[in-house]
Amino acid sequence: MTSEAHYYEQFRENVAGRANVETTPELVAYYRELERFEAGALWTVANKIEPWEPASTSVPVLWRYRDLREHVLRSVALVTPEKAGRRVIYLNNPGRRDVSAAVGWLYSGLQVMNPGECASTHRHSASALRFIMEGQGAYTIVDGHKMTLGANDFVLTPNGTWHEHGVDAAGTPCIWQDGLDIPFVNAMEANFYEVHPELHQAVGYPVDDATATWSGTALLPHGHGWNKPYSPLFKYEWGPTYEALQRLCGATEGSPFDGVLMHYINPITGGPVMPTIGASMQMLRPGFHSRAHRHTGSTVYQVAKGQGHSVIGGQRFDWQERDIFCVPSWAWHEHANGSATDDACLFSFHDLPVMHALRLYREEALHDHGGHQPVAASR
Amino acid sequence: MTSEAHYYEQFRENVAGRANVETTPELVAYYRELERFEAGALWTVANKIEPWEPASTSVPVLWRYRDLREHVLRSVALVTPEKAGRRVIYLNNPGRRDVSAAVGWLYSGLQVMNPGECASTHRHSASALRFIMEGQGAYTIVDGHKMTLGANDFVLTPNGTWHEHGVDAAGTPCIWQDGLDIPFVNAMEANFYEVHPELHQAVGYPVDDATATWSGTALLPHGHGWNKPYSPLFKYEWGPTYEALQRLCGATEGSPFDGVLMHYINPITGGPVMPTIGASMQMLRPGFHSRAHRHTGSTVYQVAKGQGHSVIGGQRFDWQERDIFCVPSWAWHEHANGSATDDACLFSFHDLPVMHALRLYREEALHDHGGHQPVAASR
Amino acid sequence: MTSEAHYYEQFRENVAGRANVETTPELVAYYRELERFEAGALWTVANKIEPWEPASTSVPVLWRYRDLREHVLRSVALVTPEKAGRRVIYLNNPGRRDVSAAVGWLYSGLQVMNPGECASTHRHSASALRFIMEGQGAYTIVDGHKMTLGANDFVLTPNGTWHEHGVDAAGTPCIWQDGLDIPFVNAMEANFYEVHPELHQAVGYPVDDATATWSGTALLPHGHGWNKPYSPLFKYEWGPTYEALQRLCGATEGSPFDGVLMHYINPITGGPVMPTIGASMQMLRPGFHSRAHRHTGSTVYQVAKGQGHSVIGGQRFDWQERDIFCVPSWAWHEHANGSATDDACLFSFHDLPVMHALRLYREEALHDHGGHQPVAASR
Amino acid sequence: MTSEAHYYEQFRENVAGRANVETTPELVAYYRELERFEAGALWTVANKIEPWEPASTSVPVLWRYRDLREHVLRSVALVTPEKAGRRVIYLNNPGRRDVSAAVGWLYSGLQVMNPGECASTHRHSASALRFIMEGQGAYTIVDGHKMTLGANDFVLTPNGTWHEHGVDAAGTPCIWQDGLDIPFVNAMEANFYEVHPELHQAVGYPVDDATATWSGTALLPHGHGWNKPYSPLFKYEWGPTYEALQRLCGATEGSPFDGVLMHYINPITGGPVMPTIGASMQMLRPGFHSRAHRHTGSTVYQVAKGQGHSVIGGQRFDWQERDIFCVPSWAWHEHANGSATDDACLFSFHDLPVMHALRLYREEALHDHGGHQPVAASR
């Protein structure tokens, strides 16, 4: 058999309803003929392109902050923000190096900025958020709204908004995690990029006015004309988030798979913060060990508080505060708080809004082994 | 001319496009003939039923709490909750006595309850809210969710929910304002009423679980299955509301007609708390005197904090904390804070969700006299 | 007992959870005192304003076309359109004479126009439709769109649109039924009326362009900017409607209460044609006799085709083509086709969009007597 | 300079706000170090992953039916439906061979079936449609609803529906075009595939009941409980579509870029037929030559009627009835009817519903050269 024939043979499945065509010399000649017309025989690829269930090309990865932090800080000496555009170490999933993704179609990186530094203003079709990891004095300006930022706060810079990041001269070096859908928007062949004509934008509103305007408890300002497809509450603060989780702990058992999990929302619609990226925070009670489930959609986690471990695709990952890890689409995953006395909190961002909007979300609970995955190896 | 003819003549208008038919004996005979068939000639009523603009049958009224309070308290001695159903003094607009409304199609009353008392559980198609005016220990149970209530808190008991009100034995006599759309739902010929088969319902959740679950700042619990047409956050507390207004004051000038005005929302939709009744709270800065405007829809105000006056339909009403007043549909109105040092807050409920849903909302600013109404008389 | 006391006594109910307060002289004095403050005791009216279920003030009525037609035609000689505004005989429900309604909050009338006549252009907050009963050459212009109209076609003139009706000089005298929500919009105190400054509007589009643009089968024109709250397909033609009902007859049993019933929709939203008035057409197969049900909301029917009878609130009404009848809110009703060989079709308009939008819709099937009402009397 | 350094250098841009870091040995060492931790320096890839505007990896292709038809028919002799699963020749864009796509993330193929043949029933997360090109007797069954199909009809088999295709024994060999989002759903790592346990499904409704139920002109059946995210009108027939286009021609100039273009809709929502694939039909009037524009999103066209040419990305493609061609995302394109006397119609399917749902749609008109592209070469 020729290697050409071998190629076609590999995808055959002997199952009713699946392609199972024996490769003959006549067929190989036919296939070659089809290629001349930019065409092919479906049965040669059908089983490959219609898998029984998703098999992600991403692999689970844990990025330890103690590994990355020094390299992030080292970049300060190596490059300037002006030359680098943004001084970021990005997370490169071994299975997604071709698209520079942390998992699936999601990009993530750690950015560092010194007091007094400020990146130039730009905008792009990719949507973004940044989650503050350490430092004092960080701020972000989005379409003229300036937000001051502290640890575990996160801020949106949605599709099409002019935005810039900086650190006050009176601050300390700041590190934060960026989350974007650059790989996805590239894949959709819809990414545009623009540098602000004046490189920086003016602050046009009172500092933190978005918080003052939109963070009321079930209250919206009269006559707001907001009709953009993303949340006007650009900043989500850690303080009220942690309080909300604690309150919710008093009212619910939570999910067996996720503990006490809340989704950040657009207060005007109750929907996700941006059309393509959702963000969530969950609390694992002391001693809580979730059961395993899997679902479509990719997630990047950051440990906002505490320590513990997750089992992802049968592999155990031990995490501490500030570590980052990812769960690929349709991978089994479960989370455990490592402390018997303190809660642990996981921040996450994901493409679940896309999965829901396009009706591609599917979820499954693990029923075997008491709902827990056999663990292949610790990492 | 006969009195019959006189009747028809009164609606004539000598304007192109309006009915202007001279009443003749022949026509009167014709009209009589039509009556036999349950019919009439449109031109005899057209100008009456198609006014140039709305003329409300409600009149502006101020109900002073210092007048009503003693009468409300007196009812405690006069009737029991068991006999009265609910021990309520309702507000009876002189123009709406036929439908027992405070204004337009909105009902309002002041209810009093002694410690240890509890009304029986019922439900109805009318939607309701209660706003706490004084006392300790008030609570409401809605479909098994028990809410504890303090001054300036308000609670929803939406269309179709089992609900009961009570005061803890350890509390003090409590007075609150009820707001309902009973007249509207009656007018729509859609009101149903049911007494709970066991007269009281069980509390099925942790006390104040609705607050614990739904009052996060731009956060919603994962996997909530809420699909009812009203807010799951049954209770709206005064503390975070006042804080939100203060914060918003730092970010906006507010409306020239309403000062700093926020609407209570259903956190799942960003829409009104119930389909037929909306609720709002506004802050008038020290010294603020709004400009006048008018709009379709009826509103009942309660002074949550401070003192001042409103001019409604050219009439001045001076108000203090706990006073209640109403603004009829399409009546000019403006509000003034009477203090140069303290803010004033007005709670209100209204039928604006109906006006918006049915596309009947219209608004107009007063342009004459610097935006202020000439005042006919103080009252 | 005084007559005052008698008044209060009449609403007492000896049922737990209902008001049942004995009227004493002390209480009567108290009630008088409350009146001074524009207030009252709820328990004196609670049972009246919170009925166990809706009791409509409308009564079922059948308006026979053979009765009304001659009177409608006679109006041509009696008044001019210029003087009358519109030459209409309106249907006056005996229970709703105060608001000139045919049933509930719905107005209906029969309008006649001679060839060459044309009413002046106006607009109002009330929404309207007209259903063509007889004649050639009728047309309506809505915001510059001219629609030609034949028997059983109907046309929308929604809230706020400039509209005028006329009959081509080459046509014949035309009679149509008007349906409006004037009483409702008046009740909501939201009705505005305006005569076109030039009394007539220009036709700004090709004749019947709305049909050409919006009547595709599950097709919408690219890039339409339509964002009004009503259907852009102003005219709904009888031909495709009848065909659709016939086709649907081949695919469904239909409803036991309504036979094969379809609702006219806004093709852009799938929702009702206007926010406050819905329209429907139903086919009763030969020999079909529906079971009885009742629901909230008021309906006006016109017999578009065939003959038969309806039982409404226990009363039988025999109808023929062009007759009009009404079903009040929460009245039991059932329909029967009087022919064993031909189908019958009922056009209807109703306020169900309001009932649904405000969540006041409720429905109940009659279970007794095999689902049929005992008939009190023929009429 | 090492080849490693060369690699990094290639993406530098000397523009403010873009990455422009000189590659030094120290940096190369740093980059290597980062790789150990599954990380990288953003500035080495930033300009690559954040392009100024989309550059599609797809190329414009025209598939001539006269080329493909014989090869499609030849497959009948070469493989059975049982062995092949489906006997399809798929269109393989030279730039998208890795994902077997016709353009972008859209798959398309030509399927042939002989009378009496029937594929086995399956379902998958990919959404699909088929457009009938030739033959008599084709049918499709979707979740128990059987649809008969003629030339230029198309049928939906949405995400998750059981479906099977066949040709009646009394028919003729049939060829149709399949359109699916298999590549997209695979990319989203959300594709599931299932063969019906009994290989075939029962027909559970009258033949063509979906058409009978849902194809009324602006009419929907009462009480339909349809809440699926796709259109219940599975079949869209050519006859009423062509009539609608002709009617619309009488009411509009149409778009300068697309002529008279209509989108197939879900009649319940007015939205696209499926969440991930939209379908459209456009009429080019005799002699019409559109102006050029470009937009995000990928499109596959089939010539339903007539002949002409399109210029895509500066390349001219002459087409006849049944030819297929594609327009990649953000490629300039314009269409011309080749006849001065007959209209031409283009059917198309595309991922515009995705672009709109995720707010990634952007459009631009060509302003130079009178709105027409300079043509590089005919093909």
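As written, the chain order gives the labels A, B, C and D, with residue 1 at the start of each chain.
Just so it is clear, a contact is a pair of C-beta atoms (placed from the backbone, for glycine too) under 8 Å apart; a residue touches a chain by one contact, two chains touch by 3 or more.
As the structure is a prediction and not an experimental result, all values here were calculated from the model.
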Chain whose mean Cα position lies farthest from subunit B: D
Centre-of-Cα separation between subunit B and subunit A, whole angstrom: 45
Centre-to-centre distance between subunit C and subunit A (centres being mean Cα positions), rounded to whole Å: 53
Approximate Å spacing (C-alpha centroids) for the pair subunit A, subunit D: 29
Residues of subunit D touching at least two other chains: none
Overall pattern in which the protein chains touch one another (line/ring/star/complete/other): ring
Subunit A to subunit D touching residues, read off their complex: 15-22, 26-27, 30, 33-35, 37-43, 45-47, 49-57, 61, 63, 67-68, 71, 74-75, 78-79, 82-94, 99-100, 104-105, 107, 109, 120-122, 124-126, 159, 182-183, 185-196, 199, 229, 275-276, 296-298, 328-330, 354-355, 357-362
Complex contacts: residues of subunit D adjacent to subunit C: 205-206, 209, 211-223, 231, 233, 236-237, 240-241, 244, 247-248, 250-252, 255, 258, 261-270, 280-282
